[in-house]
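Structure in structure tokens, see below.
Letters A, B, C and D mark the chains in the order given here, with residues in each chain numbered from 1 onward.
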Amino acid sequence: MLVVMERTALPEQVQHVCDIITKLGLTPHPLPGAQRTAIGITGNKDQIDAEQLGNLPGVRDVIHVTQPFKLVSREFHPEDSRVEIGDGISVGGGDNPITVMAGPCSIESRDQAFRVAEAVAAQGTRIYRGGAYKPRTSPYTFQGLGREGLDILAEVREQFGLKIITEAIDTDTLDLVASYTDIVQIGARNMQNFSLLKKVGRLDKPVLLKRGIAATLQELLMSAEYILAEGNRRVILCERGVRTFADHTRNTLDLSAVPYVKRLSHLPIITDPSHGTGRRNKVTPLSRASIAVGADGIIVEVHNQPELALSDGVQALTLDDYETLIADVQKVGSVLGRNLQ
Amino acid sequence: MLVVMERTALPEQVQHVCDIITKLGLTPHPLPGAQRTAIGITGNKDQIDAEQLGNLPGVRDVIHVTQPFKLVSREFHPEDSRVEIGDGISVGGGDNPITVMAGPCSIESRDQAFRVAEAVAAQGTRIYRGGAYKPRTSPYTFQGLGREGLDILAEVREQFGLKIITEAIDTDTLDLVASYTDIVQIGARNMQNFSLLKKVGRLDKPVLLKRGIAATLQELLMSAEYILAEGNRRVILCERGVRTFADHTRNTLDLSAVPYVKRLSHLPIITDPSHGTGRRNKVTPLSRASIAVGADGIIVEVHNQPELALSDGVQALTLDDYETLIADVQKVGSVLGRNLQ
Amino acid sequence: MLVVMERTALPEQVQHVCDIITKLGLTPHPLPGAQRTAIGITGNKDQIDAEQLGNLPGVRDVIHVTQPFKLVSREFHPEDSRVEIGDGISVGGGDNPITVMAGPCSIESRDQAFRVAEAVAAQGTRIYRGGAYKPRTSPYTFQGLGREGLDILAEVREQFGLKIITEAIDTDTLDLVASYTDIVQIGARNMQNFSLLKKVGRLDKPVLLKRGIAATLQELLMSAEYILAEGNRRVILCERGVRTFADHTRNTLDLSAVPYVKRLSHLPIITDPSHGTGRRNKVTPLSRASIAVGADGIIVEVHNQPELALSDGVQALTLDDYETLIADVQKVGSVLGRNLQ
Amino acid sequence: MLVVMERTALPEQVQHVCDIITKLGLTPHPLPGAQRTAIGITGNKDQIDAEQLGNLPGVRDVIHVTQPFKLVSREFHPEDSRVEIGDGISVGGGDNPITVMAGPCSIESRDQAFRVAEAVAAQGTRIYRGGAYKPRTSPYTFQGLGREGLDILAEVREQFGLKIITEAIDTDTLDLVASYTDIVQIGARNMQNFSLLKKVGRLDKPVLLKRGIAATLQELLMSAEYILAEGNRRVILCERGVRTFADHTRNTLDLSAVPYVKRLSHLPIITDPSHGTGRRNKVTPLSRASIAVGADGIIVEVHNQPELALSDGVQALTLDDYETLIADVQKVGSVLGRNLQ
């Protein structure tokens, strides 16, 4: 960290700041400049938040110069991590395979789940998404089928040989969900539900961690750090759009997150163009863009009758749309030397 | 809801939309306009999300015209609600009392907790805040004293006759926290932790619900609706700043939330200028502004040695600052005919 | 427009609203609903802003249902517009050519301008960007070479047969800039400088109109409408990133703007990954993504010695980076059936 | 500035950065730390933007530690500036007077202008606002009466002894507007219209500079610096709300801007609760809050028939509302020892 003094700071004020820094168990390094003095701080233990120095007399600003995360950092693990899902299916890794996860927003019925599963499997997709427990803004809207939904997902896996990803919304149902699913999804609203992250970190299951709608990428990586710190290294990150003033899409899909995360971290990152745009007609273009920007894959919503869907029908692809999407993703991937796995 | 057709929409497209609306169990009301046709929808059951109509051929847009919340709405409960804390202490209500909640961000030690409690009590403050369980962005920073912190809070109540407000961060520790505290605080990160909200809704305790950093006010009210829907009517809302591009404060305190919420809902709303600005020197001015705009009170952070605080020291008031704040708040309140209770 | 009444609105309040609507020269269409009455308004003349109806007693909300723009709308001009630059060079149009504009942020010297021009021309690029008049946040930073810069640009065109695009920052220098350049660039800060837009609308020159850092796409299209309304139909739109809370890039490049604009308007739209990310290492990935999402082209910054650039060196590509970018853009374009023109 | 090296940076990389810094005419100060090396830069001439160092091999980050503005800074002018309008009317200054500017959004007719002027004068208001040239998002909406509006404003001054503030939207009409008005208003859209700022800087007239809808406060102060650098010291800043995701108000009024600006700058700052909220029922509460937070005054919109206003009627106060507002502002001001001048 660096403490920047006021241009008018007195020598005794600089001294006082140095004394406090020492009290905090850190080492001050005064750096007199042309206009003002700055004080470098070393031996920075992350567990101490020294921003309060900003209130000391004569202090202009306090600046962080080191990143707080460790296990997720590329500095500590230079190679790309490959997250194994099982049966030779994985996400990320050196040869940059493209992973597609697809299915309905919510499991609404056995019939709906099967129709969609059949269609996505027919496109060579190997990971099926579907919500059994749905976090909904309103207590009066469809909350998912719960355990019944999980049973249907189990049948889908059985019947179509698909891997399953479904969301765990709380610590109470986490073990149940984990006992059914191949990948545990942590939704945007829970990105900083630290109790849930810690418990997920103790599972022996891959985790898909979605970026919160107003989370910085540093916060996303810190949340992943919570999971890795508990021992679970199989974390896949997901850019799913952030909330901005822009009103033409449900969220603003921030594709620059992909090269940024890949530079700082070894973890794979996919995108969610369905939530990232909230508009069906934008899902395929943004899926092509996601592959082009270097994402390790995408997760998209597909429905056999979107206009009758109980949730998010507005962004769900029809079965025909999905066929087009896969063809487009394959095209863009192939020219960049990447294969749909 | 209203479905707006394209200027070029064909009659059969309008008919198709009407048919789908009927399939969804709603009633369509075509409204031919000068430029285009709009279709009003009545019998709108909230549990159905009809935005997917936006994808039907010929549809330009789908517009919501009714609010999804009920129990929190002023339409259903015209008078201001007064939330009773006990011993004649309450928040909100017709005579617009001003409630101040103050204390350290985290309980760090018995000594620190007592010094601060003594100081705030000396200013006539009757509700003491202090964190025992701290949600922190980094797994490597101070996470709070947990149960030991709760015990210290119990001593504070005993010793100084103060009411206690502390945060519950998950469903696992909710009952424990509730057994100690007078008001259960739900933090910004948990505003849409619906499992926690439902469980809090079954408690017989007042709740302080903080606005998420990127939550619309409608979402805040919907989260409160989750609590009321379970039976707990004693909800206090809290504006604590939202995340924007502005970088001169930690968050942007959105004071217009106060008159907005008071117009649409009967629930009391207070502000948190400490988190709302993240800068000590802005807490007192924004506290005065909060009272002036009509907030039912404020919750602020106070520390006996902010420069050594283990969390959020940068925004904590010194004991002297706090004395000034109370004087200012009293002044502004009095001229508006409101009393510090 | 639609006026939504309160659930509790009285019949005379509904009548009063209808009377005011009539006074405004519009036609009210009361639409009694299950919960509340809505009043449709037709004959909506854009020059009247009827939002003030929102303050009348009994009114809950006022909703716009028609788009305010005309000439830029696809409803009025269904085919994609092709903007001719001259000598067979154009932007946009049915066969979806890819246009690349490249060059330094600022023209710093004849030598620098020529070195970069030679390098981009060698890659087959046909449009050269370079700033002569620079809008800078600080009055103390390099403001561009002005007229001398324009003369250097003229030499570049002469010497390398490149078309020129440079920014016009005010009405005073617009004619001078227009007399030198092939495409007049209107920067993000001037997107709502309506006096400048009107004057540009009277030019017989192609215009590149950049989205403001906090402009909605409707506002962008309305600004283009100002230009078309004056008679100049040769407008190219540019998504160059918007300002959000995200701090890992200079701006957040909003690629969903491309399919959105293409759906509502016939005008071509390109992206600016240099300003859109502000980080050199993200320009090439986001350029690939821009082509994949369907943009008609890109405009990027290239410098022969970025580390010594007088402005925006942090985001400028080196000459080698540029070679890679062109190869990548060509690859992605080709597989989507599009050619670099 | 400070250059932070990667943990893994090689000595020769550190040396290379130092060499470049020297090439840029600055002085490097290597600061070896526990985890990594940082390099302080002194002799920082503002006209050089050294962010490009961020791309050199081994560099992690580049951090600015000094503020770029000078003349507007409190470091250069410790006392609050008082901006004289004439006839003993002023804005800001040590004794913290409260200045109110009020009038219609647009001058629509002599009758309307006079009715409003009479009403605001009756409340003791001494500065009258009214737009003659209106920047409007759509080319098809009312653009103001132009010169005719200016003539009406001149009559208003004559008749009611009010000072006038009206907006100048471009350099072409600036001199004309300045010849009529007592205060030249620069709107939010023009905050970074540097050509206009420079020309305004050469006027001998007070200027009201509004914050752009997505401008940081540093950018606002830099724009003011443009004006002061040209010689005009009579600048009044105005917080008028910023654009965020929040959809319950037209903009989000950022009241923390007031204490922030007052700490860094000597210039007076007022707020615009009319544009800051865009809703009539929020103007008075936010006006009280603005005074409570320490603003030097407010500028608000008042109309004799808001429901028939040609622009912004939704946020205009009625004449009765205005009477209430003045009473409230006076109350809050008085208890804080400030007087309505």
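Simple rule for what comes next: contacts are C-beta pairs under 8 Å (C-beta built on N, C-alpha and C of every residue); 3 or more make two chains touch, one makes a residue touch a chain.
For clarity, every value in this text was computed on a predicted model and none was experimentally measured.
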Minimum number of chain-to-chain contact steps, chain A to chain C: 1
Between A-B and A-D, the pair joined by more C-beta contacts: A-B
Maximum centroid distance from chain B, chain identifier (CA atoms): C
Whole-Å gap between the CA centroids of chain A and chain D: 38
Intercentroid distance (Cα basis), chain B paired with chain A, Å: 26
Junction residues of chain C, two or more chains touched: 214, 243-245, 279, 281
Interfacial residue positions of chain C with respect to chain B in the complex: 2, 4, 6-8, 27, 29, 31, 33-36, 38, 40, 42-44, 61, 63, 65-66, 75, 243-245
Of chain C, residues touching chain A in the complex: 214, 216-218, 242, 244-249, 252-260, 263, 276-277, 279, 281-282, 285-286, 288-294, 331-332, 334-336
In the complex, chain B residues that touch chain A: 20, 23-24, 46-49, 51-56, 62, 68-70, 135-142, 169-172, 189-190, 192-196, 198, 212-214, 219, 222, 225-226, 229, 243, 279-281, 306-314, 316
